[in-house]
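As written, the chain order gives the labels A, B and C, with residue 1 at the start of each chain.
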Amino acid sequence: MKLFSSVHDVTNIGELVAEGLQLKQSPYAFQDLGKNKTIGLVFLNPSLRTRLSTQKAALNLGMNVIVLNMDKEGWALELQDGAIMNGSTVEHIKEAAAVMGQYADIIGIRSFPGLKDRDEDYSESIFNKFVKYCGVPVVSLESATRHPLQSLADLITIEELKTKPRPKVVLTWAPHVKPLPQAVPNSFAEWMCKADVDFVIAHPKGYELNADFTEGATITNNQDEALKDADFIYVKNWSAYEPYGKVLPGNEDWMLTLDKLQPTNHAKVMHCLPVRRNVELSDEILDSDSSVVIHEAGNRVWAAQAVLKQMLQTL
Amino acid sequence: MKLFSSVHDVTNIGELVAEGLQLKQSPYAFQDLGKNKTIGLVFLNPSLRTRLSTQKAALNLGMNVIVLNMDKEGWALELQDGAIMNGSTVEHIKEAAAVMGQYADIIGIRSFPGLKDRDEDYSESIFNKFVKYCGVPVVSLESATRHPLQSLADLITIEELKTKPRPKVVLTWAPHVKPLPQAVPNSFAEWMCKADVDFVIAHPKGYELNADFTEGATITNNQDEALKDADFIYVKNWSAYEPYGKVLPGNEDWMLTLDKLQPTNHAKVMHCLPVRRNVELSDEILDSDSSVVIHEAGNRVWAAQAVLKQMLQTL
Amino acid sequence: MKLFSSVHDVTNIGELVAEGLQLKQSPYAFQDLGKNKTIGLVFLNPSLRTRLSTQKAALNLGMNVIVLNMDKEGWALELQDGAIMNGSTVEHIKEAAAVMGQYADIIGIRSFPGLKDRDEDYSESIFNKFVKYCGVPVVSLESATRHPLQSLADLITIEELKTKPRPKVVLTWAPHVKPLPQAVPNSFAEWMCKADVDFVIAHPKGYELNADFTEGATITNNQDEALKDADFIYVKNWSAYEPYGKVLPGNEDWMLTLDKLQPTNHAKVMHCLPVRRNVELSDEILDSDSSVVIHEAGNRVWAAQAVLKQMLQTL
């Protein structure tokens, strides 16, 4: 694998999930693969799980890890082609990416969307320029419109915990106090649409996701109906796609509470974290056995390790 | 050892000190112990000595190290149980701690006190919640009321440099320009009270420490008297316990100067650092052979390494 | 080697360049040398290339790496001898340096000039105090007036890419929007003056460098004339030495553009990066085969590795 930016970069999803679960059993079995190989993790935004789990995955594989907080430790990046750089940006992404490619065998990069200009965000210009100019394999640590390592960890978690061959998985919108990217729901949706699950998306009117990511999913505005017989509930807020990046008024009753789990099939509740307690999800769920969010976060290691292993094998 | 938060977590202090001194002789003797084990060092506040010495200790033991500046690289933490998280905090400590426990075999955490609410600080709520929720062994990198790795390094230093079986050790308050935590003096006091030393605390009226930490110590407001025949002088500022977190006017003459060493027994001068030169301690002392502050800082490695070794042995 | 602060610390420049080029062929040949040795990289300023390439070099040599962003993760440093530290500085450089020397076998430090007080900057007081007090070998990661790892990488690049025994190398001033240090041009000049090249410096009137660094160079204010038959063009902005740290009005036409390469000998264009596109250098050059800036940045690893190898051999 030379690029891991979306589900479309994966030739065999089932194999990748199985690889993750095998690595969970034998975390240190492939340390020769990473010997003298370096991963550079570049953050343009904050990160907890991705930062730690990807480091851990790389260390498990015997790699060296170099972390760069580009915004704080490096230089302000210019992203526009042809820019006359007489303002506040110090280094063009062309040079920054190419230089980092000189020092790393694999690069991971996180770049959130601005949520101002939809075309700009959905063109993935920062991520794609990085891929174009760095010259080495790149793994997305969450880009403007996708978070594939999260989605792979989610699928690993479902595969691990499911109690029937084809579980019902419901992605349900949740309230939040500020506009969040669509990266996690987009990404979760496109992975679920390719997985062997019965996939339903529930959200209030106005929160329709870009249809490119949801082809094959059942979509409803009725949360109660969606949750019925659910095996897994994936709770997540996102801002509107149209008007782009906006929070629509109302919908506080979409917070997932314990009583909403009644009609489900003892559903396991998932969330990518960080979660706003008692806004997106109630304390009573997060503190109950229904929640698998910590287990899910733990699986981030095996998702990252499966991807890095496949990348190392092509170096 | 599963927890290192205070002297009360240590079953045999003498043995731990001896272990530190042995590791100083053979730093790399136990690298198999740490192989494929990861320590996560979580900083909610600045750190120089603790940051570097604990990394060095872990590397000496063959461990992997992941550092997280929670305040700058991660998310703003919510600490209140039951909070409706519709404000500026992004992640609850319950999730943050539990997630980090998924990625690390041992966690070190630094969390300073707010110095506003004494009950809050002395309940060690941040540190204790972290311990409660992370699910792996935790070592304090300085909490609201204690700094046990510092105290252990101090005791190692005294053991190493003492010229008589039971030296006189004086903790003397020093002036400062801003209110500092009581963590270092609390911790030093409770370790000295359990060590085989003649322990005296000298401070101006109004700077009485919480009595829980000083049981068995001789306490005086007369610095001259305290310093007489001292073998070790531990210089440290702290703010008042009552009124909590305040700096009381005056007392500038408590700065330790060279002439005050005259009546001592060629006392060695200690300080945990950072030190405000010519406010807490005069240049002439810090630049003289009486000062052992750098040697003491060097011993931070062996203190951390002794603790981590004992933790690794229980994994 | 115990100190790498300038070309004057190198006994045999040709040998050091050759060592860098050999390490490029066999990056992992000396991993025993760095086993259980730790480098501490201390940054008082931002860094991308130096930060990553020096880490990579140390890892290639089998070393442990500890990075400290002193300004953000540690304490505000006091630099004045004899200061009464009752202001905002928390730790004196005497202690900070000495303490870091306790935890590292080699220290690298970056400290930019203030560009306010020429005597202060040119005395290299921060860097020199660090060297004086830390007690271990020190490598400059760019100081107030020099950037020797960059210059060594530049010379390695020239040696690698030259097509004649004694190439013509031209350092040409370039426009910029803010005052930059003289460290890179000073350093490049003093290395080139000792190398087997025909070295020319071109700059507008008023941008004369300190003569200590340029002895033996041909200096001109005529860029066209300088570039004639050039084999390598090193583009760099710097602020005036007199009046110190100022940007003089005009000179925008000193930007290097493709047409200016016509009279050269197919010159290769170098720059230490970061570069202000279309201010210092035009897009058309940076995006053409004439530019070797990425290759040059890649060579930063081998420069650092050659220096660290020589330092490790003297430990």
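Keep this in mind: contacts are C-beta pairs under 8 Å (C-beta built on N, C-alpha and C of every residue); 3 or more make two chains touch, one makes a residue touch a chain.
As the structure is a computational prediction, the values presented were derived from the model and not from experiment.
Because subunit B and subunit C share one sequence, their contact can be compared position by position; here under half of the interface residue numbers appear on both sides.
Superposing the C-alpha atoms of subunit A onto those of subunit B requires a rotation of 120 degrees, given to the nearest 5. Between subunit B and subunit C the centroid-to-centroid distance comes to 39 Å (mean Cα coordinates, whole Å). For subunit C, residues touching at least two other chains, in rising order: 72.
Within the complex, the subunit A residues that touch subunit C are 36, 38, 40, 64, 66, 68, 72-75, 78, 82-87, 90-92, 94-96, 98-100, 102-104.
Contact residues of subunit C toward subunit A in the complex are 27-28, 43, 46-49, 51-53, 55-56, 59-60, 69, 72, 177, 273-279, 283, 286-287, 293-294, 297-298, 300-301.
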